[in-house]
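Across the two complexes that follow, chain A remains constant while its partner is chain B and subsequently chain C.
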Partner chain A sequence: MNTIVHRAILATGFILAATASQADTSDKRIALSNNYAGNSWRQAMLKSWDKVTRKAVEDKIVAAADAFTTAENQVTEQAAQIQNMILQGYNAIVVNAASPDALNGAVKEACDAGIVVVSFDGIVTEPCAWRIAVDFKQMGKDEVLYLAKKMPEGGNLLEIRGLAGVFVDDEISKGIHEGVAENPQFKIVGSVHGDWAQDVAQKAVAGVLPSLPEIKAVVTQGGDGYGAAQAFKAANRPTPLIIMGNRQDELAWWKEQKDANGYETMSVSIAPGVSTLAFWVAQQILDGKDVPKDLTVPFLRIDQDTLEANLETTEKGGVANTEYSLEDAQKVIGGM
Partner chain B sequence: MTALRHLLRKPWIGAYAGALAIWLATVAFTEGQGGGGVLTAALSFATFSVLVAIGQMYVITLGPGNVDLSIPATMTLAGAVSMKVMDGNNAMIVPGLAIALGCGAGVGVFNYGLIRLLRIPPIIATLSSSFLFLSAAISYSRGLRIKPPPLLADFTTWIVWGVPVLAVAGMVLTFVMSVILHRTIFGRTVTAIGQNARAARLAGLPVDRVRFATYVMCGMFAGLTGYLVSGFSGGAALNMGAEYLLASIAVVVIGGTSVAGGFANLPGLWGAAMLLFLLVTMLNTYGFGAGIRMVLTGVIIIAVIAVASGRRPSG
Partner chain C sequence: MPASIIARNARILLPMLSFVAILLAVFWLQPRAMSYVGLNLLLNLALPIAFATIAQMFVITVNDLDLSLGAYVGFVACVAATWLAEQPLLGMAALAGGVLVYAAVGALIHLRNLPSIVVTLGMSFVWLGLAILVLPTPGGKAPDWLRALMTWKTPLVPFTIYALLALAVVVHLGLMRSAQGAVLRGVGGNPRSVERAGWSLLKAKMIMFAFAGLFGMFSGLSLVGLTTSGDANIALRYTLLSIAGVILGGGEFTGGRISPIGAVIGAMTLTLAGSFLSFLRLDPDWQIGAQGAILILVLALRVIINRAEARGL
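Right after this comes the complex of A and B.
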């Protein structure tokens, strides 16, 4: 009895909170400042943003949620873009930044103008902004931990890294190396840069592969697993266990192998829909909610048993995705 | 002895010598393991760099200021459109190829229109048009990756006795383009324009028509490469052309073609393309960090160009 009453009170509270939030932010305008759109992940990110925010605008939760992308992936261009947004009078700016610190000046200007700045994926270090960060290091480490469970006898690993000089690449790689240090039965015998692109990864792996000993597994960063598989095939080498990165071509290839010979692996990456999480966080801050400055998004991980379900919902040629709802955002804010 | 001296004076010798040295250094490090496999891979990937570089080389030969920076966008557009039209259907391979070439030709026509009619310098014209074409590719394919027809994928990755068939086809095409450059009026006009555009015009050569044809041809080579790369790597990706911008220019220059125009060299393209691929492979095999790799790539390219240009005949 007690619990029912409790739940009822809680539910009423939630409904009240929800109605209140709709009233409070219905005249607020949110802008997305995005630095790059030239790959499938970013395209999916923009599409998710469009889908979720369009609904939010229709439901009168916010007045506007416009997305802007810079053409050149340049810091100066994005800084100018943010300054324009300040002049246009947006109440909040959600930003996927070209650089963690070079935009701090523009971000500070926005904060001083009373604008809420929420950065995600490419986060900014300026203290006045919110950060929705991904624990990329843990993601790299998780790959090795999965391998340690899968093949306790260990073996040679090939590491495919991302774009040299980018923070994300360093973090994932650090995590992988930390995992290998804790599991000395594994040895990284080769490391190449695949730039998160299948064709670049294919090229880099094809070059280095002939000179490498037998490879048991390939640790990757996403967007490079299919290219690696192609390179192994072209070189007539046995296909190792390749960690995938949630791209549809990778999942489709995995499914093909799974059906043909019971191939087992896992796939992990960040859902492009993280942009929608950032949107809801911005909305919650505008609503007056107390939101911690540093939030962490969960990874989207696909395992042997969830492969089919995810493959089905992923658009052909796209990336496995999740869009976040207001409730998801509240959960992340609550640290759950 | 004179034969050897004659050989050493060839402008492309630097590229081949560099490629050989780098290959030997790689094989020495792995104690002979995988030397042949590395060469097979190098031939496969060099083919793509050479194909875009042939078009770029003709454009650069037109003289100072002539360069096509829209190659990556053209590749992406041609790859995306042709993959979507073929939609994995073997019967559509030939129409798909025609569409890829058509996209390339369209880009060339548009580029030359900007250059000639609006009098925009080629660097600016091709750079700005590439934004248009990349945007067109993005809105057309919406960032999705469509698989190539299986037959095309098999053809582009077909290897016989360690030699990629595509590379052999590329070499034949290189030879044909070499004959066109040296033995036809079109090719000689390209060289003449590059050496002195004013003199070429006064001599009654159709300067505008030849420049137009060269830009269209360059676009078609980029379109063809976009089509083949998409077949080779399992689909067109939005960023697939990115690494071919610098590569197309570097391969032309390292191969012994004068960047000031008027002096082209086709055999050198293969040496240069192999060199660039083997260089990355060597540095990967040695296990250097990304920073050192980039520094060494720069140093070695400068060294090869310095050595190669030292042997170039004057004038």
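Right after this comes the complex of A and C.
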């Protein structure tokens, strides 16, 4: 009985907040539930969150925007973390989930308590939550489309894949193969797993190079372009066009080549600052805006003319990043 | 023997006191937790951990350790989120098969005199592999009855608390108060005399491992009922959590000295400790260390009590 009343109060509160458009969000509190912080991408993600939300709190746009990372990358721990956030009375929870499905119970609890849940990067499938997904397949396809424009005569491609068995690897690769199917002038003559790490990629490419014909371009997944370049150099083969993945070492190498011989390529990956996009989306929902449940993150793409600017702002050993503003979020919500 | 009665009570008093202390700290930090909804959110994930802890306790009772428990709970979760929902008969057969495999592992460890740590570590890879075979990518859907049971709105206090109480009482009566329970505990305490008295050690080990499998199964089922879907890696942490829960609850690694009530309280304490640290807004880098510090603190108190116990006897 008690709970029904409790829920009813929460629910009416939520409906009131939702109907009064342009509701003030200055007393709203948003929490970030993060499952892992052990690589440069996640570190950059947390830094971006801190930078943007600190400003938002100072500007009195929201009352609080606290980031929580679970001590271990475990589903059960993150479920408990989300349940704790419900108890702490946050109005919205932004989550990078350890599992797309196994957090659904906790997410449902949050929704039932009238809390807005926005998932990004690692999204959740519970229908009551918002999803800011990354279209990795499109990212792979974009690489081939760029090549098709760059070299209309086509040629042989070498594909460097990520970590076997991971969803992201499958998606990017699917996109690349789809792009090649639509542009039959290209042919993938070799495929290796670089595990998104330069040293692994270098070894893998070096191992397969002697058996390969002339390679016109290398399609990659990020974190592997620099290693591939080193492997070509060590084998004394002409450097093909290598698509880069926004890592600082890749951009630095590209700049070096560009200055030396006018080397041209492009670089694409997901900006860790997507956490700030999720923050603004949550703020907009709390503000009473009508936001579609499924949104897509734009990629961060670096081209010949934007290389220098991006390289300058990227930390050594880091990833090119961009933080999102309220206006950017509104553009994404409005369908670009 | 009044001294031993006090000592035995101290064994169960310590986990209870640490639980109450941490519960009060949580309430103080977050008064919102002091409600029906709050208690449910705080403790519902303690139920699968408590089942896992009891499962681990059965194995520890016979002086063994089960390092495959977390992976096994994950396997159960995957079966529950797929077969049990779609083809209940196949699902039940698979779950029953899991319990039988546990009994077989107990037999293997006893017959070949193998270290349980090695056998169960190997088994953890088997369970994880099977879980991935059943459910290659996270997903599936919990059977409706399971979901309904775990979200059942019971009167007065949440379902979880009734379930935890029932678990503690049932296992306590079965293992601590029955004649058969005394024999089974004796296998850990003094196997030679149990054998001389005409009991089969093999049978006892198989029974205890089968119970571990059974309660591990309950753990996986309740977990899926809460999360609504499965993931092979969902419960890997339960292996160590369950061991910590048993020890925190007053159990010991050898000698068949265990306490089912303590184990359930230990599991609840561990769950609450996580919430407590999160409410404190402690930096995540420090959280694992802080969890460890809580464990060490309780265990240090235990040592002091044990010494007093020894002096008392």
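Following the convention adopted for this analysis, the second predicted complex is superposed on the first by the 311 of 336 C-alpha atoms of A that agree within 3 Å, B and C clash if a C-alpha of one lies under 4 Å from a C-alpha of the other, contacts with A are read in each partner's own complex, and residues count from 1 in each chain.
In this text, contacts are C-beta pairs under 8 Å (C-beta built on N, C-alpha and C of every residue); 3 or more make two chains touch, one makes a residue touch a chain.
Remember, predicted model here, so these are calculated numbers, not experimental data.
In the model built by aligning both structures on chain A, chain B fits alongside chain C without clashing. After overlaying the two complexes on the shared chain, residue contacts for A:167 are found with chain C alone; chain B is out of touch. By the touch criterion stated above, A:71 is placed in contact with chain B and with chain C alike. When the two complexes are overlaid on their common chain A, residue A:275 makes contact with neither chain B nor chain C. Judged by the touch definition given at the top, the superposed model places A:318 against chain B, while chain C stays out of reach.
With both structures placed on the common chain, the touch criterion links A:37 to chain B and to chain C. By the touch criterion defined above, A:198 reaches chain B but does not reach chain C.
In the superposition on chain A, contact of A:227 is made with chain B only, not with chain C. Touch criterion met: A:109 reaches chain C, while chain B stays clear of it. With both structures placed on the common chain, the touch criterion links A:86 to chain C but leaves chain B unconnected.
Superposition on the common chain A brings chain B within a closest Cα-Cα distance of 7 Å of chain C. Across the superposed pair, chain B and chain C both touch chain A at residues 37, 71.
Every residue of chain A that touches chain C in the complex is listed here, in rising order: 2-3, 6, 37, 66, 68-72, 74-77, 79-81, 83-84, 86-89, 99-106, 108-109, 113, 125-126, 167.
Only residues 37-40, 42-44, 47, 71, 161, 164-165, 190-193, 195, 197-200, 202-204, 206-212, 226-227, 230, 234-235, 247-249, 315-318 of chain A touch chain B when the two sit together in their complex.
Against chain A, in their complex, chain B makes its touches with residues 26, 29-30, 33-38, 40-42, 44-45, 131, 134, 138, 141-147, 157, 159, 229, 232-235, 237-240, 242-243, 277-278, 280-281, 284-285, 287, 290-291, 293-294. Across the complex, chain A is touched by residues 30, 32-33, 35-38, 41-42, 44-45, 48, 137-140, 153, 223, 226-231, 233-238, 271, 274-275, 278-279, 281, 284-285, 287-288, 291 of chain C.
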